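The two complexes that follow have chain A in common; it is paired with chain B in the first and with chain C in the second.
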Partner chain A sequence: MPNLSPFFVTGLAVGAIYALSGVGLVVLYRASGVLNFAYGAIGAVGALLAWQLLQYELPETLAWLAGIGLATLLSLGYGRMVAPHLAYRDTVVKAVATLGFALVLLGFSRWYWSDDPRQFAIPTDTIGVSMLGVRVTVTRMIAFSMTLLITIGVALFLTRTRLGLLMRALANNRDLSALLGIQVLQVETWAWFISGVLAGISGLMLSDLVRLDAIVLTFMVIPAMAAAVVGRLRSLWGTMIGGLLIGVLEAVATPFQVISPYRSVAPFVVAIIVILWLQRRRVITFAGGT
Partner chain B sequence: MTSRSLNSDSTTQGESMTRWPVTVASLRSMAGVAIPLILVAIILPGLLSAFWLRALTSSAIFALAAAGVALLYGRLGLVSLAQVALLGVGAWVALRLSHGTDLPFELVLLGGGIVTGLVGLIVGLPALRMRGLYLALITLMAAGGFQVIVGGTGFPDGGSGFLGRVTSASARLLMERPFVAQSDEAYFRYVLVVVAAGFLLVEIHRRTRPGRAWALIRKSEACALSAGVNVTLYQTWAFTLAGFLAGIAGGLLAGSVGQLDGRNFPASSSILLFALTVVGGVYSWLGPAITGLLYRAFPSLLIAWNIDGNLAFIVFGAALLHALITAPAGIAGQLGDVGRWLSSRIGRRGGTR
Partner chain C sequence: MFNLRFALTHNRRSQLLIALLIVMMLLLAGCFGGGDSSSAGDSGTTADTAEESAAEPVAGEEEATEKEAAAEEEAMPKEEAQTTEAMANTLCGLGTGEAATGEPINVGAVVGATGPDDFSSAAKGAAAYFNCVNANGGINGRPINYIVEDDGWDPEQAAQVAAKLVNDDKVVALVGNTSFVECAANAQLYEDENVIVITGVGVPRECFYSANIAPTNQGPRLSNLGVIQYAYETYGARKFACMAPNVPGMAEWICDGLAAWGADKGVTIEPVFFDPATMDPTSLILQAVSSEPDAITISTPAGVAIPLFGAAEEQDLRDKYHWLGPTSLYDLDFPAAVGSYWDGYLDAEIELVNTDSTSPDNQAWLQILDEYGTPDDPRDSFSQAGFLAAKIFVATALELDPASLDRDTVTEALRGVTNFKTDLMCGSWYFGPDLDTHNANHAGRIVSQVDGGWETITDCFEIEDPDLAPILDMEAQGGLID
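For the complex of A and B:
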């Protein structure tokens, strides 16, 4: 039995970012009914901009903020300009439309930045602390604690603030909320904003922890979605647990030769099992829907 | 809901549904498809370079896979994001059968199709309980899983054992092509014939009992159930048929290239194929044909013109958004509109529509 703790720590950090992305997806899905497939691509474009600015030798903080800012703008842009055209369509059509946005962003970033290998590092990578006999870089600790704090923050925001209340109202019933005089578009815009910020942060962290590559980052949305599925696309805590679980499973399989090449199957297996489990008692209903 | 209201409803979408599979009008429309196709099959291979012949062969193959996606999305409103993965399953089975047995190519193809149909059935089983978003997600997860597994095992290349892998690269075998179609030109014609047969299979389904059942299920499952339609049977049937088409396409692809790389079937391809199917149009056979060309010939065109292939993604993404927001029948629907407009112009010269 190999020593699993270093892999456990790695998995916890990456899993934390899956969870963070998942939280961003869930916040948006609850408020606007859009499951955003472009989430990873938005983060990728933000991270690539940050990398570009670092090449111009701008200060790091500025570059990171610019990356997160661009991700937020992209999210807001889609949310204000494209999403309203599809407001009354099926959930699945809204989700499929974001695939179109993802393709546009992916094509743009691969064309503009070509696919040369490049590196993105946060200075805390080199600082490490020894914990339980394993060296843990500060970046990994930041990833984990940030996810925890942000999830708590978002949960408090949804339950304690007026805007959070409005978002939950929209999640319950959009038409009724609109009848009650809730500014649907305005509340949705906030959801796209929050989700965009989280996409930007996740993009930066993943390009440090995994790889700065447009395709890789774009499809990081799949484990994030798997995490969100564990939370039934509703629960923030479920999403967080799902993300951590997927990250850890994926990493802990690394030292075992037989399953190592197949370890990235973890998010799919977890998601499929959870979906089947959640739907186990459903019979055909006339209402249809999701 | 009577069958008359069903008819009038679906003709507004630009499709004709008749009670009997063959009428004069349907014969005429089939001839309108068959004659150009035969001309293409006879004339085109002689005019094309090897590069374009390959591009068009794989366009035709992916058109067949797209026909399955279009069937599920257009008939039942189900989003399947696993079609290229299913194509990979078909290719895997076909390669394994081809290297492991002496079966003729047609039987190998059929075997791949049947196994993939069964796999499609298994992937689609959850669809009986869930639809919409969760179905899209579960197919995406299945495609992702397939990507990882086949990336690890690779495709059979003439070795022994269940996986059929050889240890040294020099011992790799190519898949046998059918003896009537050894050359690239002949294989292109062969592919066209098989793809046309696949389209015909879909068309027959559309015009007979399953097509009517699907239309009713699409309208309302409650309606369909109360009208005595076996909802479960016809939904699984659609999934199996889509899987079968993908499997046949996979076998054709394996025969075209000879050997396949496990890394060439990522989940992203399935997503792209779905997107392009919506762009091409899901309500008629023309849509998947356009999809195939967009998926494989359009990138080749960009290569030929020395344009960065990544720009294709931007075009495809924008086209998907455009199709979803303003053109639900896709490019095929828009071409159909233009055609009808032209024929009404020619029909009554100077008159209004």
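For the complex of A and C:
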């Protein structure tokens, strides 16, 4: 049996970013009913802009903020200009529309930033401590602790603030909320804003931890979506646990030669097992009842 | 609903503001990059996906070429520009200085331009050479119409575009292919339709073991064997971790090759196969080092290798193992991308001459790319391989009667190519008649990352591979090389 502890430790950091992305998806879905497939692509464009500005020797903080800022603007832009027109369409239609947006952003990134080898690194990559047979950089610690803090922050925001209450009201019943005088568009805009900021942060962190590549970052939405499914698209804590589980499972599968080449299926395996578990006592009938 | 519509109208100003901000952010990136060739103009993917015609450039390309030419003329004195062009002209085809105007000859290429990595630089090298030939009398008066198709790293798409080239465009040959998937998908088609492929960069096994395909490169198996044989001799390394993406016909072929070579030398190989889209490079590096090897070879395109080297740096592993790679790492941007941490710690085998070589054919490649390519075309080994493929095709076609030049005559002539001498390769190139194995390029050099660049540290040496036995036997019989 190989020593799994180094893989466990390294999987936690990537899993934390999956979890953070999943939280961004859940916040948006709860408030607006939009399952945002463009989440990864938005983060990718932000990260690529940050990298570009660093090439022009702009200060790192400014470049990171510009990257997160562009991701937020893209999220807001879609949320204000496209999403409201689809507000009364099915969830699937809304989700597919974001897939279109993802493809537009991916196409743009591939056109504007060619396939030249590039790396995005942040200074904390070089500082680290040894833990369970692996060197854990401060970047990884930041990734993990930031996810924990943001999840707590967003959970508190949703339960303790008026805006959070309004978001939950929208998630519960959009039409009724509108009748009660809730500014639907305004509340949704906040959700797109929060989701955009989280997409920007996730994009930057994954560019450092994984790879600065438009395709890889765009498809980061898959494990994030699986993490959100584990949280049933509602629970932030469920989503966080789901993200960590996927990251760790992907990593600890590595030393097993038989399954290692296929470990990228981990998000689907986790999502399917959780879905089956959650509906274990239900009986599906042909009449459509459960 | 009314509320929503009211709100939408009411908020139009904020929508405009957001749109304006997004545009400004992107313009910001563009403005800063005004003088940087690696920014906005450094695309290439869009051009790759469309058909490229060396004989008849489309309007947009023509306009772009004119602008580039104008900019270049501004940058250098007119006389100097004319001299450079005249020098390039003497290097290709008939060297007449007059454009070919006869009936075009269709030549195709299948490349993996869009996908995990842009893998099309061989066709760009070939296109530059064909452009130069067309501007200098073509193939005895007939210009080459070079049609490049993108397979998107998808075998099904590779089969479709190859069928289009072979059946619809009636290409006489394919030259400068670069793909991870197309050889396996199309080898039978090429054989059935009697069309020859001078591949620029063959990657999986099928590119080297098919009747009608002959690459100018060595392939990842030989390139990896070259670099581990160097580490075996120089560092005394005996245990290697072999990291390769699990592309069918590639990963096992490479790592099994290393094991087969080392079986009687006390060499052990620990394969680490992985999905190139994997999200966690640190785990892969941890897996590679878990077998405690002496050296680790990373056999991936440069873009995929960077995060693996990043993860190794994160674990501070450069001193603990020897780090090796095949030609795919020999990208001029690679040392800057992985950083100075790796200076002096990374060796790679190169399949063709180092790109800064002053040898005549290498200088011709650089001059022709400057004159007939675009500034964005990569100046890498794969471009050299495509250029060489185009050079072999042109030299062969020029020997044929232009009136009777068709697929059958070209196929017969290409099959008969022997002892094609070029300083781009360590040895000579030949097709190899009546042989289903084509791997004429089996000697290389080693480069090392030094001071943010690559330095050539060995002369040419023969790479050993048990599978080369039939080829070496054939060569020993004489007639193929000097």
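We adopt the following convention: the second predicted complex is superposed on the first by the 273 of 290 C-alpha atoms of A that agree within 3 Å, B and C clash if a C-alpha of one lies under 4 Å from a C-alpha of the other, contacts with A are read in each partner's own complex, and residues count from 1 in each chain.
What we mean here is this: a contact is a pair of C-beta atoms (placed from the backbone, for glycine too) under 8 Å apart; a residue touches a chain by one contact, two chains touch by 3 or more.
Just so it is clear, the model here is predicted, and its values are computed rather than measured.
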Sharing chain A, do chain B and chain C clash or fit in the superposition?
-> clash
Kindly classify A:35 by the partners it touches after superposition: chain B alone (first), chain C alone (second), both, or neither?
-> first
Based on the superposed arrangement, let me know which partner A:262 touches: chain B (first), chain C (second), both, or neither?
-> both
So, A:128: does it touch chain B (first), chain C (second), both, or neither?
-> second
Quick one: classify A:168 as touching chain B (first), chain C (second), both or neither.
-> neither
Does chain A have more residues touched by chain B or by chain C?
-> C
Counting only touches as set out at the top, which of chain B and chain C does A:219 meet: first, second, both, neither?
-> both
Determine, under the contact definition given at the top, whether A:110 touches first (chain B), second (chain C), both, or neither.
-> both
Applying the touch criterion given at the start, work out whether A:185 contacts chain B, chain C, both or neither, answering first, second, both or neither.
-> second
Of the listed stretches 129-137, 165-173, 273-281 or 435-443, mark the one in chain C with C-alpha atoms clashing against chain B.
-> 165-173
Kindly list the residues of chain A that each of chain B and chain C touches, one partner per complex.
-> 110-111, 215, 219, 261-262, 264
Quick one: which bits of chain A touch chain C in the complex? Just the residue numbers, please.
-> 2-3, 6-7, 10-11, 14, 49, 52-53, 55-56, 58, 66, 69-70, 73-74, 76-77, 80-81, 84, 87-88, 110-119, 121, 125, 128, 134-135, 137, 178, 183-186, 206, 209-211, 213, 215-216, 219-220, 223, 247, 250-251, 254-255, 257, 260-264
Please give the residue numbers of chain B that touch chain A in the complex, ascending.
-> 77, 79, 126, 128-138, 140-142, 144-145, 148-149, 151-152, 220-222, 225, 231-232, 267-268, 271-272, 274-275, 278, 308, 310-321, 324-325
Going by the contact rule at the top, pick out the chain C residues touching chain A in the complex.
-> 1, 3-4, 7-8, 11, 14-15, 18-19, 21-22, 25-26, 28-29, 32-33, 36, 38-40, 42-46, 114, 116-118, 246, 271-275, 277-284, 286-287, 290, 302-307, 310, 313-316, 331, 333-334, 337-339, 376
Complex interface listing, chain A residues touching chain B | 35, 37, 82, 85-86, 89-93, 95-97, 99-108, 110-111, 215, 219, 222, 225-226, 229, 233, 261-262, 264-265, 267-269, 271-272, 275-276, 279, 282-284, 286, 288-290
